[in-house]
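Same chain, two partners: chain A is paired with chain B first, then with chain C.
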Partner chain A sequence: MKRFSPVFRNLTRKPGRTTALILLTAFLALSLFAGTMVVSSLRRGLGSMENRLGADIIVVPAEAESKSSLKNMLLQGTIGTFYMDASAVDKVRETEGVQKASAQVFLSSMKADCCSVKVQIIGFDPENDFVVKPWIAESLNRPLGDMEIVIGNRVATDVGEIFRIYDQRCLVAARLAATGTGLDTAVYCNMNTMHALLEAAEEKGISHKIDTGNDAEVVSAIYVRTLPGADVGLVNNRLNGKIRKATAVRTTGMLTEVSDSLGGVSRTVAVLIAAVWILALVILFIAFAMMVNERRRELAVYRLVGMSRSMLSGMILKETALCSLAGAVCGVLLGALAVFPFTTLIETSLKLPYLAPGTGTVAAYAALAIAVTVAAGCAASLHTASKLSRVDPGSTLREGA
Partner chain B sequence: MKKNLFAILLMIFAAVIAVGSVTVLGPCVHEDGSKGPCADAGKALLIDGCVMAILAILITMVNRRGLRMALFAAALCAAVIGILLPGVLMPLCKMDTMHCRAVMQPSMIILSGAAAVSALTGIITERSRKA
Partner chain C sequence: MELRAENISRRYFRKRGEANFFEAVKPGSLILRSGEMTVLKGRSGSGKTTLLHMLAGLLQPSEGRVLLGDTDLYALEDNQLSRLRNEKIGVIPQGRSAVDTLTVYENIVLPGILYGGMPRTEAAEGWMEALDISSLRDAMPAELSGGELRRMAIARTLTADPAVILADEPTGDLDNENTEIVLNALKQAAKAGKAVLVVSHEDDAEAFADRVLHMENGNLTES
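What follows is the complex of A and B.
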């Protein structure tokens, strides 16, 4: 600390200048850290969505407005309740190129029943499912029983509690890991539970019957995995031709749309970060250039008392490094305060999958933002440091006499 | 002004908490106008913010060091209560995507935390101030 003592004195002697430098560098670190965190979380969210979809094609009723309803449901947790005749599942399985087909039934809970908001309930068939089961297996190491449910990561009910849906008591068996998608606000159950809930919904006057009005079994979506090597586009076309009143949607197409939106957001964030950095670096450079005249006499005195040119340059660089370090740490802390507590708000505003990175990655990004900001601050002051160290003490002090 | 710096900061944070709890940082209001379980937490935060603001005003009006420290300590307690109110002391809606959990809770924790830091710094400053 003793080595820095003249540096500390110089910084505390001019609190206004020091505060301005700290604020400026804090702004640089904040923009870099917060921007990087948002983009990284969006990329992780897309990866998570790719993993969770687990199917090549999804068949939904035509009334689901092709893929938009399904996409909104997956991304934003919008409630989707659309139904088609369950006989479509067999037709899908019989289609050439289809390896596996698994049906899901969607139901919306009543508002204020449990959570003061409607909850998407997703029923799956444990015997044929290949989409939800691997995901549930991470949290529950036994089959999901009747009247048992698994909740998404953002449903604030604890495991072991009773979750009432249409006056039916369902036991919360497990909580799923976060996906950063709308699926985090959904509740999952097996088909027996779903049929009980559909009946309970009927009793409450909420009909899920399809247009034909018959009491046939209904499904909301059929997840399809194609045979290895099969042309997914061709299978998709076959399904569209074979299943009436339904639309087959390729998941890659849906993911490409999300990926394109993500690319747009990433580019906007990158442009904003670049603009902030260019502006702040120009201001830093001007601030240091103004410092040359202000500190000319002060540094001439240092030279007269025996400080070498390299010592003077070193002192200025140390001052800048300390200010930049303080600013960068403040900026990263402010960035963390702006990004992490408001993860849900950012996700719902961007309407894209958003999953914050792990602690190690966050620490690495924070360290990187601090290092880059300190390096940028030092680089901006390099010219000033070399210019000031070349000050001729005699003539400078005579000028001011 | 310098003597009352932390009291003024406290007043600003308290005002934002009080005004925010009935406006943009407030509890959920559903489309049909009904209120969720978080409505009471919103009311409690309004009262907490008002109490902190009154304490901060009193600090600026008082000169006695001991009394100022006591008022700062009371404001610190109110700020800590403000941190604990949404979600710990009072229930919120049970879905993370709801406004009370996505906006009200994190904002109020940050603002109450900032108010607590101001009050604590006020106490430390008063302790080091000559009587």
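What follows is the complex of A and C.
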């Protein structure tokens, strides 16, 4: 007969005890992994939003605040169509402290036969743009042609396909990397394409005209980069004073607001993780303490037949480590099942930018959650292992003899 | 190999820090020679089990020392003493002494595998046959009667093939037939060169003894 491992025998022949330990440690790993993933995704989403905004100030029509705020559009993909006179762009450029200004025009497609899907369409000026171009350059290594579009990461079509907007056929030239914001559900085109789409929309009865302008003279937002060293607040005030029927919004304010919300969510998640851990560790400690009495006699036999104290402690720790490892792996898998399929739901519920980390980072978090859980399980059993190893085998075996 | 106890005693304090104690085993000496079966008789509470635990390296004497050959058991570190007990000293304790998660066979070969050795299957099967527990090979301890558990513990010690066997009331749970089987097995081990000590308050063991010792109120005497 082959050798056998008392550790495996103890684990497999006490399935109730083993399952309870695995479940407890799975609970620890699940809370740690899922919590870390949510917080990390929120932080990454904020970072991505900061990078994508690329501007210090955004000037939008005054009505934008009431119709559909820019923040909602950026975070949740809420479609916003608001317009102002394009002459505002030159006024912005002429303002003291402004280094660059780039206009964008927003349009929304319809949920009707004329359009593939209902999306936000963002037209940008390739000559002056400093916001969208660097981002598009990551996916497309040539200028975006007329009647070509670049789609956000979550738009349901493929590169090379034709995307219909108000019966205009646009070629999908590239797909952008995910940002975890509402921009993932938008499509981008140059101004020529946008003018064609605006005209087509007009024919379908979607008006974008303002009081006196024509199609070529409207913009939805002006992205502003201030001169290095300029007081952004002061430039913002100047723009608010200079541009009529428009509002200049500092992006840092918007980001700070998002960052504050994120801080609140992070704290809540951290408190929940801490509560779960304290509860589970107390239960683990009690479970191990109960095990002391249950296993005294069995462990006295091991001592009697020549197992040293250190071997006995090692055996208990090995049992705990194996249970904790099994539990931690199950917990991480359950955590992944709880977090990954519901990314959109979490993003919508929290109303914050949410961008899941890459595979390498997820693997690192999983490994970390497993390591911390196994260490916590072993730490909880250390006292028990030490206490059991000091059991006096002689007197223990005499008890109830 | 002989096991020698030199002037060992064991005191228990009734109250910590005070001189109010009782002596479970009074100072005494003892030699267990190889090839000899010694029976230690005495009433319950006379100190027999305490003496056996001191001889087994399980309970440090208050005074004196215990030598296996030239090795002072209580001068060893725990890991050295544990290894020595695993290889040289077999203890058959009172009461249940089974690992509940191992089968009867696994319990019997357990001492042999603790330090990386292979199970002594042949010896185990031989002793199971001799002690009439072969049919229980794959049973779990929870399924066994007290007598069967006792015979399993005896088979475990004999399979380990130690130089010294210390048996505490090995026939306590057994009927006459099994008492004779067990005492014969221990006698056979003594004849094979082991030093055997059987602690018993019954008279059955005396017939198998080469030497009989008595314990009364912690005092050890030879008859």
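As a convention for this text, the second predicted complex is superposed on the first by the 382 of 401 C-alpha atoms of A that agree within 3 Å, B and C clash if a C-alpha of one lies under 4 Å from a C-alpha of the other, contacts with A are read in each partner's own complex, and residues count from 1 in each chain.
Going forward, a contact is a pair of C-beta atoms (placed from the backbone, for glycine too) under 8 Å apart; a residue touches a chain by one contact, two chains touch by 3 or more.
All values reported here derive from a predicted model rather than from experimental measurement.
Once the two complexes are overlaid on the shared chain, A:T185 sits against chain B while remaining clear of chain C. Put chain B and chain C next to each other and count what each touches on chain A; the higher total goes to C. In the superposed model, A:A274 lies in contact with neither chain B nor chain C. By the touch criterion defined above, A:T344 reaches chain B but does not reach chain C.
Looking at the shared chain after the overlay, A:A177 reaches neither chain B nor chain C. In the superposition on chain A, A:V119 contacts chain B only, with no contact to chain C. Of the two partner chains placed by the overlay, only chain C lies in contact with A:M307; chain B stays clear of it.
Once chain A of one complex is fitted onto chain A of the other, the partner contacts of A:E298 are limited to chain C, with no touch recorded for chain B. Judged by the touch definition given at the top, the superposed model places A:A156 against chain B, while chain C stays out of reach. When the two complexes are overlaid on their common chain A, residue A:A367 makes contact with neither chain B nor chain C. Every residue of chain A that touches chain B in the complex is listed here, in rising order: 77, 111-112, 114-117, 119, 154-157, 184-185, 337, 341-342, 344-345, 348.
Residues 49, 53, 56, 58-59, 78-79, 81-87, 91, 93-102, 105-106, 109-111, 113-115, 118-119, 121, 140, 156, 160 of chain C are the ones that touch chain A when the two sit in their complex.
Note for the complex: chain B touches chain A at residues 28, 30, 34, 36-38, 92-98, 101-103, 106-107, 109-110. Interface residues of chain A, counted against chain C in their complex, comprise 1-4, 6, 9-10, 13-14, 297-298, 300-311, 392-394, 397-401.
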